[in-house]
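Mind having a look at this structure? Questions to follow.
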Amino acid sequence: MVFLQQLINGVMLGSTYALVAIGYSLIFGVLRLLHFAHGEVFMVGAFIGLGAVVYLHAGPLVALLCAAVGCAVLGIVIEFVAFRPIRRRNGSLLAPIVSSLGVGLLLQEVATNLFGAEQTRFPPQFEGEMIRLGGLFVTSTQLFILGTSFVLMLAVHLFVSYTKYGMAMRASAESTDVARLLGINVDTVIVLTFAFASALGGIAGVLVGFAFSAISPFMGVSMSVKGVAIMLIGGLGSIYGAMVGGLILGIVEVMTVGYLASSYRDAFSFALLIIMLLVRPQGLFSGASAAKR
Amino acid sequence: MRKRRTVVVNRNVFIVIHNNEVFAIDNVFVAAVAFLTSRDTGIGVGMRKTMIAIGLSAVAMATPAYADVQIGVLMPTSGFAAGFGLEEQGSIDLFMKSYADLGPAGKLKLVIYDTRGEPAQAISLTKKLIDSDKVTAIIGPYLSGESEAAFPVANRAATPIVTPSSAKPGIAAANRPWAFRFSSTTDKTDKALIEHWTKKQPKPIKNVVLFYDGKDAVSSSDGKTVMPAALKAANVNVLDAISFQTGDVDFSAQVTRAKALNPDGIVVTALFTEAGHLVSELRKQGMTQPIAAGVELSLDHKFIEIAGKASEGVLTAAEFNRDSPKPTVVQFVKDYEAATHHLPGNSSALMYDTLFLMRHCIMSIGVVGNSEADKAKIRDCWANMNGVEAPIAGAVTINKDGDGVRQPNFLVVRDGKFVVDP
Amino acid sequence: MFNSYTESLAVFFGINVLMAFSVYLPSSAGLISLGQGGFMAIGAYTSALLTAKDVPFAMALAAGAVVAALIGVLVAAPAIRIRGIYLIIATLGFGEIVRVLFINLEFAGGASGLSGIRPLTTLWYVVGVCFFVGLCLWRLRTLTLGRAILAVHEDETAAEAMGIKLLQTKLIAFGGGAAIAGLAGGLFAHYALFIDPEQFGFSRSAEAFLFVVLGGSGNPFGPIIGAAIVTLLPEVLRFLQDWRMSFFAVLLIGCAIWRPGGLVAARPPSRL
């Protein structure tokens, strides 16, 4: 029973990880870029959500929408300012990494100057009733987060599988040259990818704010590193890999804390990463892009 | 060619250019004398210089030697521990309004640095205070981890350092003779807290789950060694000791684990932010057991802000009794609230008293600079402190380990405020 | 000669130069590491624990470097066939695992860190070590080993065809980098007098990586310039107060766009 309860905790944490990791995968798939600043976009989303709740007296759904839109815009700006110029100049493979590190640092610094380095309180949105499901207890907050995450993941799946733009994204992830030959405007797809990925990251940030009632300018730092780990476990560039990898990571973390000690929390996550690298480097789901390496 | 020009550099130093010689004079009276004697009065150069010399010595005898006594202060005014730093700042401002004057010793000048709660910063700032700012003594740091790191530095540099608040046992003792601690240590406060807590329960507490912050120095030593010893002495069994790290916001896994054990009570040793989140999660998951929190909480009102309604009924210990009828305490609370619109927490009281005692030491010695001898005098004053009256804490004694010896008070959260639990 | 503030700046600059060298050496063999922070931690903790037991400073430093190198080789051996982006991720993972390991080592202070370290690092020590390592790296280019490393970087197949032992060369380059990071860690520990696992996390590794990418990885001077810029620029920008790190971040982005080969652009890394 306790195990199942911890599993729920893990799935809830994992679903927020999954949303962020999907963004990582999307961007990696199309650009071959480890977007280290994505964790910071997640953080910005949380603060936008906070602003919506505090200043616009918005409800949870409106807050999510604000964060999604705000972060989508931010993502587009980042692509235009920090990455497109490098592609135009045909920079080395490492230049975009440097640029993304710079963007991440900038976002963090601006947030720290605006909000202070300590945690800012996120007003609780749900009355925290405990709902019984069989022998298990779930709070309304947890249900909302789980629900939203799964709906979004389903939406992503439908989007990339059935819509024109989604398929264009997947084609570009396979091979940008072939996509161009097929008449796809790769530049537009890239902008769209950034917008979409950043929106997802922003939503995840607000959900985390709901879950833990506290956000800080540094909440994105560990997310940046974990995002890379999740991508690897799930398969570089694979969206479904990101979803599964995120859930796995969340569950592993919660189980480690629940059954061992909080200090081991990151140990198993990274041990898992190393094992995957040695045993199955292409990840659980070979994302289309991974096959080429 | 007689040219004189007086240039005011700042209000402490005057440059007088006189017959192509430059004098830098730091006393306004002497500068005036120099200015006056430079007029074309027909007095020869040698005579002028003699007059200046006479004027100098006369003035020096008449006006007191104007010297600031510099005391360094290390506080966390930003970062995760900023709540504590804010409380200390309130006391500093209040104290300096009335007590900055030291009589014949001059004026008290505080050199305040922000450690961000980081031990590495505490070390480099301690070095800076001693080497660059040349302070006579240091008050701070706040957190036990910071003090652990900074004390050896001050001790090696033969500079007295007093922490108002660090509670981890053994820190001052390891850095004799220059390091001191105004507050008491966790081993003494925990024992009293647990005794008081278990005595007043309607249902006896036979076993507990203990939560502690594995990253914070005092919370972790408290959670691993000190608190379990206190619980054992009160015949309470620790079912499980569950850890988390400073900065964690997600306690769902830990609380789920504790819930399964169904303890009679819950003990928490953590700083106010983590304690607030933890207590909130405990109540959220439906755990209604009584909660006792260690002295690391420091009566910081942010704990209540973060935990909200969940904080009702939490018992903690602190050296500060805000409701004491003692007139000096009543006055302090009133003045503090008037100035900051917050009630003072434990951290405020500790800083205020430490400042008071440091000033007491300076004034009892007389004129104080930052020579080795002066530092040694301050050190001895603290080492031999026995029964000195501090405004809030009353009679203060420092024992041979360099620790303060005091009785804790017990406070419980009622209606969103800390009130004394009799 | 210096006041203590300038001195600490110089010491940290020197340590950063060493960290830059530690990324430079493997990168000249084509191995990009985002995990040098982990090796720095190993060197720091090893040397600090040894000097606490009265081991002489030079020996403790050397021991830290040796342990870091051994672990570097151990880690690199199975991973040596991993290419490009996977290697970067693997080194990242390694750095994180080291961090978590030290959080759980109680005798090394655990998460609260290790304090009371003896102040044994002086500016001359740092300058000396930097000079020594820099000289070695410079001379390495003319030695057979150095040329082998460069050859491996250019084209592995051709290098192998010429009789260069791929595995050995790569391991030496990686292990050497780890050793240099270990030295940096030891010097750091005995200057800062307090170490905890968080100080050696991803930020530290990313910083070292930046030194080399910014300064250029064609010759040993590039990393020095990179370290100089990253260490000293925030100090020069102090007048910007709270916005100096933001300004620095903007500079990073600008560099990435306009000078991707590094500021001392001798040879940008041609491919991964």
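Going by the order they are written in, the chains are A, B and C; count residues from 1 in each one.
As a working rule, a residue touches a chain if its C-beta (ideal position, glycine included) is under 8 Å from a C-beta of that chain, and two chains touch if they have at least 3 such contacts.
Bear in mind the structure is a predicted one, so any value in this text is a computation, not a measurement.
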- Message: Over the chains that touch one another, what is the least number of steps taking subunit B to subunit C?
- Response: 1
- Query: Hey, which pair has more contacts between C-betas, A-B or A-C?
  - Reply: A-C
- Gap in Å, rounded to a whole number, between the CA centres of subunit B and subunit A: 42
- Note on the structure: Chain-centre distance (mean CA atoms) for subunit A and subunit C, in whole Å, is 30
- Item | Per-residue overlap in subunit A, given as positions that touch at least 2 other chains | 261, 263, 265
- Message: Show the residues in subunit B shared as contacts by 2 or more other chains, in ascending order.
- Response: 214, 245
- Among all residues of subunit C, those touching at least two other chains are 110-111
- The answer for subunit B against subunit A in the complex is residues 78-80, 82-83, 116, 214, 242-245, 247-250, 252-254, 256-257, 259-260, 273, 277, 280, 284-286, 305-306, 308
- Item | Partner subunit C, residues of subunit A touching it in the complex | 32, 34, 36, 81-82, 85-86, 89, 91-99, 101-103, 105-106, 109-110, 113, 221, 224-225, 228-229, 232, 236, 261, 263-267, 270-271, 273-274, 277-278, 281, 293
- Item | In the complex, subunit C residues that touch subunit A | 32, 78-79, 82-86, 88-90, 92-94, 96-97, 99-101, 103-104, 110-111, 202-203, 206, 210, 213-214, 242-243, 245-246, 248-253, 255-258, 260-261, 268-269, 271-272
- As the complex stands, subunit A meets subunit B at residues 1-2, 5-6, 9-10, 12-13, 116-119, 121, 124, 128, 130, 137, 139, 211-214, 218, 253-255, 257-259, 261-263, 265
- Spell out the residues on subunit C that touch subunit B in their complex, using ranges where they run on. 3-5, 8, 110-113, 115-116, 119, 192-194, 196, 199
